[in-house]
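Everything on this sheet refers to the single structure shown next.
Chain IDs A, B and C follow the sequence of writing; residue 1 opens each chain.
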Amino acid sequence: MDAIADFLATYSTTFAIVGINALLALSVWLTLYAGQLTLGNAAFMAIGAYTSALLGRHLGAPFPLALAAGAVAAAALAAPLGLTVFRLRGVYLAIATLAFGEVVRVILLATPITGRGQGLNGIPPKTELWHIYLSLAVVAYVLWRVQGSIAGRAWAAIREDEVAAASQGIAVRRYKLAAFVLGALLAAWAGGLSAHVTFSIDPNDFAFTKAVQILVFAVVGGIPNVLGPVLGATVFTALPELLRPFKDYRDIFQGAILLAVIIYLPRGIVTLAELRKTRRLAEIGAADVA
Amino acid sequence: MFEQLYNAIFIGSIYALFAVGFALVFSVLDILNLAHPTVFMLGAFAALFAIATLGLPWWLAVPIAFVATGLFGILLDRIAFAPLRRRGAPPLSAMISSLAVTLAVVRVVELRYGGDFITFPAGTVPSFLIHVGGATLEGVRLAIIGLSIALMLVLTYLVRGTALGREIRALAENPRAARILGIDVERAIAATFFISSGLGGLAGVLLAFAYNSLDSRMGLPLELRAFTVMVVGGMGSLPGAVIGAYLLGLGEVASLVYLPAELRDAFAFGLLFLVLIARPQGLLGQRPADRI
Amino acid sequence: MLLETRQLSRTFGGVHAVDRVDLAVAAGQAFGLIGPNGAGKTTLINLISGHLRADGGSVLLDGATVTRLAPHELTARGIARTFQGVRLFKGLTVFDNVLVGRHARLRSDVVRRLVPRRSRADPDRERAMGLLERVGLRRRAGALAGELAYGDQRRLEIARALASEPRVLILDEPAAGMNPSESGRLRELMRALVAEGITIVLIEHDVGLVMGTCERVAVLNFGRKIAEGSPAEVRASAAVREAYLGAEDVA
């Protein structure tokens, strides 16, 4: 027992980050599953992180309430944003959401209450491992069940062909917006959890690089089901730890693995188990995510 | 005031050289090449290698950097894009594969040169001042402005006036038709990448010369600026990218006068966001009709 | 009249793709729409199905104006369609394609699904299977839609459209790429659907198929309706002969 406790204590931060990254990967999975490439989730994560930390600091809000407030704030911002940007498609949508993320970052850099460039320090470490893994379990279960529901099928249909989906009676804009807002909510929740793990946050924690990292977790893991993003986040968070002896070459390995996955496993590592189906999908030109 | 305008045109020229290559690849292959900032950085380091390690003068280092990054562009395409193209993968895949290359290449550079700012060996980079009226200006920047404009003219001629340019344009228009017309598509793509990356690398050398400073992450700020320039000008439009680049340069320098330093980036991204919402086709772009 | 268009118009960059077209389709009718290439047939049905906005005129369904409604709202009101060149959800199974087609008639099951229960007989799944049976694709239910042969894809698209229990079924060149025996079976299917009370609007290049299936035919040329009537009347029309002269034989 002691050995396990030691192990957990030594690696508890790594476990926390794996879980948080898995939540983030699921947040972007939601929109990807509906065929929308958005890169705004780092910004929503920031909103969750700052809102919950500030509420705790200045108003003494209880932790769960602060987390929920951060998530709601992100969702409230995501709704009008989604209505505006969903006229755009493909790379335009990606760039617009990325620009939104940068606007948020710049606002954080300029606002006194968020600590400008220094960010916030001394955030109390309120997040317990079980908070993270309970959230992850609930979210993964709900998304798994939703995937097989009418709504999940509608998202898949929109991903495959928006015009044809509308003709089947699917309110395309509403479904896309729902995926986007739920994704924002989830990213902000993860952001709140992560702020209370890392003690300090600053605007550059949520920059372009973070947005792309979240996307990479989801895409490398795979979009076909909720296991993919969780797997992707786990592998890509744990990999740097495993590669610690080769620290200098770590990014080179990661780059090579990423490249290999995108070229040889277009639907993600989760499809290693069903290569045959992937090949069939590839033959009809429907193998990829977005 | 005059000095600020001068700097705006200088930085606009760098943006233009960088963004024109980015837009060229997008217009021909619909790829957002996220490794383009890495190419920019590689250009600067190729010049450093030529000057510091090979002991060559700066005027030889510039063309060497151009060719080296151009060749790297072709390699990049073979490794990161060609396999995806063969499969008909969507644009997202190419964004991620180019990112993977970036991750690895930045690290390779850091293994050799470290992650901090470095400078060229003393006295190896040209530097002189010119006096116009009451103002003192850095002469290298004027040379860079001149060179950039000349290169843009050459590129325009290349794309509009030569057989290779015709092939590239045909490819951008319709890859299937281009193939049927007997165009060697892979060769035209290789040429596109050579030009695009060569220009991107050149932009890197020139900026590194102007500031006498380079580092492994120097391309990063240009990534989102290239998006801005391209969206403002119209996705994939080369003249649009040039106009967008100078507009961004002017806007940034102007906003520095009125905004605090932390908000330096706000102009570029605010502009990007507004244009996407109000006029997603950009200044010179045409909106493809949504066909059913 | 179940479906009407009144002075329906749409221009693209100054070109009148559809120019003041009046159509009136009675309930239970098979209505044919023919015309040379680029006559505006597909634009016209894109206007009816809500995929394009009209510049002028109106669309009426069962007497109510539906001109400004979105495609999904029109599907809910009973207009279903197929697409020229087929637009299936290629990466989904054949069965899921039909289930998605039923979207307008389903109520959200998200909350219900969060509490797992032993599966009960699901009438929607049975109905979807029945539709596949009907178009002869039952055995391929588990295949990916993109894997089907072209003719099968066309029939799947019809099954998907039928899943929404439409009052009006618009078929855009359903016989394109079908061999004679397949298009024969398509004709049988259309007749059976009309017998069940479904109204069909058929856009076809195969004039023979239209003439043999539809009670009433309208002819478009350069965005205008140049003739309308029974197949025999249309065949006799001088304007139609002129429109098709040199293009195809009206026979």
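In the analysis below, a residue touches a chain if its C-beta (ideal position, glycine included) is under 8 Å from a C-beta of that chain, and two chains touch if they have at least 3 such contacts.
These numbers were taken from a predicted model, which means no experiment stands behind them.
Participant: Report the most central chain, judged by the distance from each chain's C-alpha mean to the global C-alpha mean.
Facilitator: Taking the mean of all protein C-alpha atoms as reference, the closest chain is A.
Participant: Among all other chains, pick the one whose mean CA position is farthest from the mean CA position of chain B.
Facilitator: The chain lying farthest from chain B is C.
Participant: Between chain B and chain C, tell me the centre distance in angstrom, where each centre is the average of that chain's C-alpha atoms.
Facilitator: Averaging C-alpha atoms per chain gives centres 49 Å apart.
Participant: Chain A to chain C: how many Å between their CA centres?
Facilitator: About 40 Å, centre to centre.
Participant: What whole-number Å value describes the gap between the mean CA coordinates of chain A and chain B?
Facilitator: 30
Participant: Among the residues of chain A, pick out those that touch two or more other chains and give their numbers.
Facilitator: Where chain A meets two or more other chains at a single residue, that happens at 163, 285, 287.
Participant: Chain C: which residues touch two or more other chains?
Facilitator: 51, 83
Participant: Could you check chain B for residues that touch two or more other chains and list them?
Facilitator: Only 292 qualify.
Participant: Looking at the complex, which residues from chain A come into contact with chain C?
Facilitator: Listed in rising order, the residues are 142, 145-146, 148-151, 153-154, 156-157, 159-161, 163-172, 280-281, 283-287.
Participant: Which part of chain A faces chain B closely enough to touch in the complex?
Facilitator: 37, 84-85, 87-88, 90-92, 94-96, 98-100, 102-103, 105-106, 109-110, 116-117, 163, 208, 212, 215-216, 219, 248-252, 254-256, 258-259, 262-263, 266, 282, 285, 287-290
Participant: For chain C, which residues count as touching chain A in their complex?
Facilitator: Listed in rising order, the residues are 49-51, 70-72, 75-76, 80-81, 83, 87-92, 96, 99-106, 108-110, 113-114, 116, 144, 146-147, 160-161, 163-164.
Participant: Report the residues of chain B in contact with chain A in the complex, numbered from low to high.
Facilitator: 30, 32, 79-80, 83-84, 87-93, 95-97, 99-108, 111, 220, 223-224, 227-228, 231, 235, 260, 262-263, 265-266, 268-270, 272-273, 276-277, 280, 292
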